[in-house]
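This report concerns only the one structure given below.
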Amino acid sequence: MIGVGIIGLGYWGPNLLRNFADADGARVTAICDLRDDRLAAAAARHPGVATMRDVGELLAHPAVDAVAIATPVSTHADIAMRALQAGKHVLVEKPMAASSVDARRLIDEAARRKRVLMVDHTFVYTGAVQKIAALVSSGELGNIYYYDSVRVNLGLFQHDVNVIWDLAVHDLSIMDYVLRARPLAVSATGVSHVSGGHENIAYLTLFFDRQLIAHMHVNWLAPVKIRRTLIGGSQRMIVYDDLEPSEKIKVYDKGITVNSQPDSVYQMLVGYRAGDMSAPHLPGTEALKTEVAHFVDCIARGAEPLTGGASGLRVVQIVEAASASMAARGRPIEIDPVTGAMRP
Amino acid sequence: MIGVGIIGLGYWGPNLLRNFADADGARVTAICDLRDDRLAAAAARHPGVATMRDVGELLAHPAVDAVAIATPVSTHADIAMRALQAGKHVLVEKPMAASSVDARRLIDEAARRKRVLMVDHTFVYTGAVQKIAALVSSGELGNIYYYDSVRVNLGLFQHDVNVIWDLAVHDLSIMDYVLRARPLAVSATGVSHVSGGHENIAYLTLFFDRQLIAHMHVNWLAPVKIRRTLIGGSQRMIVYDDLEPSEKIKVYDKGITVNSQPDSVYQMLVGYRAGDMSAPHLPGTEALKTEVAHFVDCIARGAEPLTGGASGLRVVQIVEAASASMAARGRPIEIDPVTGAMRP
Amino acid sequence: MIGVGIIGLGYWGPNLLRNFADADGARVTAICDLRDDRLAAAAARHPGVATMRDVGELLAHPAVDAVAIATPVSTHADIAMRALQAGKHVLVEKPMAASSVDARRLIDEAARRKRVLMVDHTFVYTGAVQKIAALVSSGELGNIYYYDSVRVNLGLFQHDVNVIWDLAVHDLSIMDYVLRARPLAVSATGVSHVSGGHENIAYLTLFFDRQLIAHMHVNWLAPVKIRRTLIGGSQRMIVYDDLEPSEKIKVYDKGITVNSQPDSVYQMLVGYRAGDMSAPHLPGTEALKTEVAHFVDCIARGAEPLTGGASGLRVVQIVEAASASMAARGRPIEIDPVTGAMRP
Amino acid sequence: MIGVGIIGLGYWGPNLLRNFADADGARVTAICDLRDDRLAAAAARHPGVATMRDVGELLAHPAVDAVAIATPVSTHADIAMRALQAGKHVLVEKPMAASSVDARRLIDEAARRKRVLMVDHTFVYTGAVQKIAALVSSGELGNIYYYDSVRVNLGLFQHDVNVIWDLAVHDLSIMDYVLRARPLAVSATGVSHVSGGHENIAYLTLFFDRQLIAHMHVNWLAPVKIRRTLIGGSQRMIVYDDLEPSEKIKVYDKGITVNSQPDSVYQMLVGYRAGDMSAPHLPGTEALKTEVAHFVDCIARGAEPLTGGASGLRVVQIVEAASASMAARGRPIEIDPVTGAMRP
């Protein structure tokens, strides 16, 4: 039975708390937040859990084997590092850290300490993303041509990071998992509509090897909520709409066929192919429940998580490159294919 | 009664033919196409119209006062120039010309000849775009923050131009009409999935003065058809979905209020405001009917059309800049605010 | 080459005219309407067609082998009878006649004259309904449990018939074709909101053998347009939404399994089964084109149409029974399973 | 501070428990269920609450001033009566009782004991229904012409009651609240697809004074979930879609105008009017929270609830009449306008 400490009980922490409390093989032994009202509310629902305002105290607690960190982004790296140094396994909310330097340090420390370091890329654990990844890796879609996502709504401007760090991280982590490919360059644009604030609307283009392109549109200031991803392949194409209650994924047997000897003046010899659409049935399990079980299982088995430190780092690296590009109005930033680092 | 010649009876020409045939104050006197079957089909429905395979013959026809040109993009400028030089009024399909140099020449020639030169930016004449333009110019939306459009579907790859020249021209002409502002720089990205072909998927960001940003996503290789534009203002926001049969425009009384003295660590003092949504009733008149009537009226009154040569040129200039940026993977291209020309 | 005369050029007649004009094996030789403006407009598009105001004149025309009748319902039977008596093949708009007595006489006359009598149940010839019928008859849905349709919108109040005669006839003809079963009883309710008018909103329940039930909701006074049919089977269920541009039919692999020995106090041992959904690709051919070709083919082969007089009669019989039930606020009216006649 | 006992912790009870636990002016003092596992789970989240398996024990508990009953329908009346006789205020889940006789007894007992008797018609307390009721009572819709609801999905077959008792009760309670009118007759149809089971699909028509008609479609065996109500008025019409996340109510400024002197043979002089649509902003408060606060407030003020015993009785009376009609395949059952009782 793994003892888990929850650090941070703001927006996301209570979800972690609830799922760890219900998880097999784990129990929540301690919770930590700066605000007494949050601690009191959580303690009322989880009697017997130790409460504390100081992270150090939680890390020193003998019944804490692992921690789940749901604090502001700027504090992720420091708290995760202290936890690893104290010998704890770590599940840290996305984004993993506020810089790739910090992310890399965490990876090294976890390796040194032989501790599980997992990033809370929640969407990866949804039935929808698992299904998409399976469809892509099976080759059913053919060659992947593009990955296009839109994640917009009205709400929750973050004060310490731009909208890429907040919303695009979801799409980048999904894309990283589904495509299993690294971008070679990034061009991003965006603007802030709040004086002195970070960008609240942003567009990212990611260039990959060959013909694959990815694009993300994130926006905190949209009148409607949209969560839609199009994935185009040479054989099939997917529409993934996370707001659909029951048919989140639609697979279209559609595409083009190209004749290599175009001889028409007005139009290439492109043929259009349209077949059936199907929406696979998806399990309804809460993603965080699956994720927490996976974390517990990785600890028990000493295994590397699906969304380990390496995936967290890859996402942070892209966000850094995108932010640099955005500051230069879309100037493309090249990324080292091996290290993931921006090229000067 | 203005005699009209229709040049080109491919995809769009028959629509021009039908609308000019029904228009008050005009009659179709001649039609021209390289293909006899198209001429025969059109003549069967419009008995009494002269048919010919040669543009020069049509331009020399005594009963032709004006022409509507619906030929491939690469021929627009040449045919339009010959028509103007022959003293005809000209309605030319979008995009106005394949280069801004050509577009400018047409404007000059039309001015010299005192002829009406109008570009077929059809969407400008829809009830929806007219309503949006009225809402924006009335100030009801407040300051415009962003203009974001998506125009994707599976179909009709063009062989002589990239997807920006084909699809984004619609959005650029709508934006040009609605915002009445010129971009200062463009960053665009895209890729071709057809060997040796032009880009079939593209993303454009347009930077304007102050906080206004525009973005367009166009794609010939999407599994579903999307025609959606979001326009965000400081007071209200619009969702314009051209595929909605009856509620194409929704106006949201939503937005944010920003407190200038942020003092929270975790979140800016941004307030979220949500009020009613309304969908104004729109007239159902076919846009092309309105447009054709406007063209006839401009000829009669010697007036400048809503979508005259100047707007056609502005759109072509942006497309040129976007294509240049796309070739450089998003490198921002600056645009001269006065002339609209790319800066070196 | 069959010569066709079109009788009635109001709302639907021009569509018949256009499709017969384009049909292989047929040509439109004469058209007839009481209004000169309609005749003139049609003649302008179809030069060479004889025009006339009198039906008798059209029926006497030597180049008329068959007629398509698109006049008000109350005149269907008389005109169709005169046409049959004049030896013409007949395609008559739905509903076939204003009474089952009239419908039966037409069937008898057509049989006696050996002429094709076909009812314009247009929806039967759509790709969607053809697909649904194939799915049902293949047994893929299992036992059919229910057929539920909604057909509502704002518009076109008829002055001579209630909404069942106008809108429900579409659903009854689809149902008749798909289920290939006759109802044993009908209960219908409705009301008129126009002083002195016929019912503009109505609900029909049809009882069949065993567990099958059908229901239709028709309404001329709805704020939105809905065209949706649910068909529930023991193995699969269909949602048919005629307003969907491309995915009109969705087939759900969903259902229940029932344990025969319920032992729970609170809930039966009903298991819920949910699998994939699929939307078969449908051909985009205009239904009326298919239908007209079928009519021409039946004449050529001397064959009975898919929607011959018998199906037209069955639909009229149900409408009569439903109208009688509606007048008695839902009192069930039994139908003779052999003759289809109402039982006293 | 009112002490509340929760009776029944199956599907709905935990929601009552949670809301009473959070309510101002109330606290949960005791909970009761036959199953120990449910009691244990609830107690873990609500430490300090007394748990018991026997209703009598709960009713005898000194700290219980009021009870919330969420047990099977067949037990509602008995438990509620015992609670009233023990001097408790009662909130009973819908439907209020399994018969109108029982419902009436509860009303009498509550009056005699001067206790609050409230029925958990939850939807009445939603922002959407409150808004609809306000629109109707303000006269903004004009005369109400029809009320049409569809409530279908796959799931939760009840073993002790038919689908009217389960699903239509929601619509009947909403309709009762919104229209403030009593039906004069009911015609209902339905069928069971489970051997020996109650009807799982049903259709109800309610006849009112003058031109008003209501209809409800309920179904436990539908492939998709639909929760849509159309309300047609002479001035405006409402579409209420409970599954819409943010625009649950749309008000259409649409309708007809009727000329009283019809003189056209083919069509009445009905004019069609189409104006703007608007979707009022609705508060997001959980309905049950509002309802629980209202119950507590009614107890404190000795006031009659919005959904008191009288509304519960009216709903049960309609369900009884509908079930009787359904057993007779739609035969209309008249209802006494004063007592609400079925007429023989």
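A, B, C and D are the chain letters, set down in written order, and residue numbers restart from 1 in every chain.
We take it that contacts are C-beta pairs under 8 Å (C-beta built on N, C-alpha and C of every residue); 3 or more make two chains touch, one makes a residue touch a chain.
In this text the structure is predicted, and so the values were computed from the model without any measurement.
Contact with subunit B and subunit C alike is made by A, D. More inter-chain C-beta contacts link the pair C-D than the other of A-C and C-D.
Put simply, the C-alpha centre of subunit A and that of subunit D have 42 angstrom between them. Centre-to-centre spacing of subunit C and subunit D amounts to 38 Å, using the average Cα coordinate of each chain. In whole angstrom, the spacing between the mean C-alpha positions of subunit A and subunit C is 53.
Residues of subunit D found to touch two or more other chains are 224, 274. Across the complex, subunit A meets subunit C through its residues 247, 253, 274-281. Subunit D contributes residues 10, 72, 145-146, 148, 150, 152, 154-159, 185, 187, 189-195, 197, 201, 203, 205, 207, 211-213, 215, 217, 219, 221-224, 230, 232, 234, 237-239, 250, 252, 254-256, 258, 260, 262, 264-268, 270, 272, 274, 325, 328-332 to its touches with subunit C in the complex.
Against subunit C, in their complex, subunit B makes its touches with residues 45, 47, 225, 243, 245-246.
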